[in-house]
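In structure tokens below, several structures.
Below, chain A partners chain B and then partners chain C, in two separate complexes.
Presenting the complex of A and B:
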């Protein structure tokens, strides 16, 4: 009993620390950028925005930079990080596999194909590209789930295999589109989209994302205790009174909605959904009820920090996917060397 | 009375018309001061003070409101920078994309470019905050879905954005003229376009009468090695046609098309031209010694070339592509183009539009 209390207090501690760090990064992000705005001015402007005194029509230049460029970008990065890390925790638990990332069911390759289609279609705007990416991302997961459902065999393995099949097919289709794209405008646009990043941020985009990510996060947080049972295996879960055939598609749908919307907004951001859940597990323990919120908070902080580097290190934008992988991979390697066996019990 | 009135109206009208035409005349540098046409009776609005704003339509069809005078300009991709410079905007640049400042050519003709702030790149993304910080009057961008969010963000900062689409010859002339209009450098822009038209007319005068079955058949080695070639929808196809040649791969579509060695042997082109950026084993020596290609006429007659120039490729849709056309025409039809002194032409072009001759820049047409 005392063991349980100790774990609980450790969890509260790590959640508190993660939240504080993420909050700190958020505040730091507001003051960072190639356009210099003094911190005192940032504070004043932020206060005006929060209290509704901010009037875009009469705003000064620094105010417009903060409101229209920096703030939506920070929010987009944080939302994406939280969504990817949360979905990563879910899928790793559900598939009982530490190597699974949110795109295991094909959402990223589906979204990439959709985006390329949107770019190649005549008259495609960035809004149509996002809608295409979102729809195709969801379609890919639906296809994966359908294949796994009609095939016999162990459902979890079938899901992963079906995801491999669907991803491979969608990637082939994407390669074909890249092949036929013209090299002046379309191909660079596709390559640029695939690289991912938060430079597309705008208020309408952030608002749209809130509608898919926030409900998804709520579902994941509220059902994370059931994930513990689900991760024991189908038979065990059913014997404990969990309706697996209902819960699993429900959770997959919630996570897919989240991930598809973030991928369609900012492309594929590598490693976040794979590494952050592990770090959260090391800090907060294997109990999903506890690691899920920590994972989301840390995901937001991690991606936000990487994007700060992406937009301020050089005048050019460094693709944020490169940074998340370049920082995430060595850190993950370090954790592996240090030994994390305990976290996997 | 009616007669008197019509006379005075005519007088006022011609005076105003003369005022309107005068700047245009000065810009054209014709030196003529003949009387203005007196028939513009309807166009007699009183002289209004210089407007503080004006609107133009860019090549994406967007209506853009610009300040009356544009003195601070940002370009965001390398071909755009070249185009802005050719249109006379060199001294107005206040920031550029990164690759523009790494281009050997641009750095040589405009060394100050390296001290300008950088605002990102087409490939890696533009940094909107860096653009805003440089306080431009106008920002030139390429067209495409990837740049659309940048346009929206700049519009939220009330910074005018002009989209240029220099992908065909007509579009390029349009882009140069538009850039000239935006920056108030119509004179040099017009000069550029006149040069193009003059040279294109010269080419069609000299080569237009060659019957189709006597035209040189050209295979262009493209960006991905010997067996990639310029398909019919690339600018390079147009360039071959302007130089009086026939692109053997003109029926293909889709950028740089991959073909088989057998197809190339089957085409049996008269001339093979390799672009500078074709990769490995595609230089003339390698092509000539390639055992798969020995039966081809171009190889047998020693007509395998590298498309100039070693400094910067001239086969892309950009101002210097006219020089590529002239070069190719001379390669294909040395007799008909005998009176063209190519290196002098190239030097003149560079001196006029970029301020230094090609030879001064260390350029050479030798392979």
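Presenting the complex of A and C:
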């Protein structure tokens, strides 16, 4: 018993440290950028906003920058990171494969096609692009699930293969749209959208995202112990009393809602959903009950940090998807070399 | 008190694998399922376990219809020990065993202290209490099988299904595991249904034997009545002798090796 308590308190420790670091990055990010705001002022303004004393009508210039530009952007980045990392942990556990990422069921290719359609349609605003991306992301996963189900036995392998099929088809359609797109206006817009970034952040967008991401995160956190059992494979999970044909679509739906909404808001942010779950597993152990919250917190912190770099490295903004991949991939390589045997084989 | 299977039929597509099988698995005894490769042993275990749905026939467990029972209820009657478990994630032994408590937990629940107590007792019973802190990845094949048995015990079910639980194990581990299974059956009154390749192991550890031939039950009954040279020869299609030893034990021999 005592060892179990010790391990649990060690886990709480690493969750606490990860949370503190992420919170630190959060506060720091508010001050960073072209228009620098000193941390002391950030703290005061943040306090005013939280306690409701902040009045946008009478606010000073730094306060308006912070409230209308930085805060929504930073919240969007944090939500995106948490959603992608959480969904990554879920899918890696559910598909019994540490190389799986949140878009294994086709959500990203679906959203990308939807966004390209939105960009090409005349009179499309950024809201219509996002709605298109969101709908097509969900549609892609539904199609994947449908194909797997029709092809007798919705086994894990069938789901992954159906995901490959659907992704390939949506990517072909996307290529076609790129080909017919106007090369001076629309094509760059599509390409830039696909690279991902948080520059479209606004309060209405963040509020809309809260409605999809927070419930999804709650479901994933509440069921994270069951994920351990699901990760044993269908036959064992069923023998242990899990209704796999009910729980799995439920969890896929929760994760898809999260990922589709973040992808439609920020484009494809590569690697987060693959690498962060690994790091969380190394820190918190194989038990998904413990690694799920750590993964979400670290995902938020990692994406925030990458967005800070995207905003500050050069005078122009670098698409954040480039940075997450450029930093994530080598770091993953380093982890592989260093050995991660304690968390998975 | 028994699992009663009647006129069970099942096929993968047009190929019928189980063709009207009927048999009984009594409580508190070890029943071995013998048969050649492809005779339907694993399919039958998966049907009883509700992993596969039979096309027709009935399965009742202590008088209750198993085919219409929800998954979670079924897991309170039947625990399952697979042939081998390929773990992808390095769960701790205790964490794996406590998963056996899942049938008694809600969707959002975590194991409580009482669940860990049951898991500890289960580990004690199969003699792996000292492995509780270890990772499933770093223990031996025999120890892993004991972990899976402990997990099944933590389910506190009246029946235990095992699919070739010893086929990957060495000689001493085979006998070690089967002795424990028989002890569990005796001490806890658990009815065990175990698919098995080696008829000698069935002879040594089973109370009842079911002989499965091409999806039908060829013979069923107590070991001493069913395990005859004639039946075994028919079942396996090779010359077989059951030899009594001076110790009172019996051994199944075939001439095939030295013909």
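In this section, the second predicted complex is superposed on the first by the 338 of 345 C-alpha atoms of A that agree within 3 Å, B and C clash if a C-alpha of one lies under 4 Å from a C-alpha of the other, contacts with A are read in each partner's own complex, and residues count from 1 in each chain.
FYI, contacts are C-beta pairs under 8 Å (C-beta built on N, C-alpha and C of every residue); 3 or more make two chains touch, one makes a residue touch a chain.
In this text the structure is predicted, and so the values were computed from the model without any measurement.
When the shared chain is aligned, chain C comes close enough to touch A:96, but chain B does not. By the touch criterion defined above, A:149 reaches neither chain B nor chain C. Shared-chain residue A:222: touches chain C; no touch with chain B. Of the two partner chains, chain C is the only one touched by A:241; chain B is not.
When both complexes are overlaid on chain A, the residue A:232 reaches chain C alone and has no touch with chain B.
Using the contact criterion defined above for the overlaid structures, shared-chain residue A:200 touches chain B, although it does not reach chain C. By the touch criterion stated above, A:8 is placed in contact with neither chain B nor chain C. In the superposition on chain A, A:189 contacts chain B only, with no contact to chain C. Residue ranges on chain C touching chain A, taken from their complex, read 46, 49-51, 70-72, 74-76, 78-80, 82, 85-92, 94-95, 99-100, 102-103, 107-111, 116, 132-133, 135, 137, 151, 155, 161.
Chain contact summary for the complex, chain B toward chain A: residues 98, 117-130, 132-133, 142-146, 148-150, 152-153, 156-158, 167, 223, 233-235, 254-256, 317.
Contact residues on chain A toward chain C in their complex (touch as defined above): 1, 3-4, 93, 96-98, 222-223, 225-226, 228-229, 231-236, 238-243, 247, 281, 285-289, 341-345.
Listed in rising order, the residues of chain A touching chain B in the complex are 33-36, 61, 64-65, 68-70, 118-119, 124-126, 129, 179-189, 191-193, 195, 197, 199-202, 311, 314-319.
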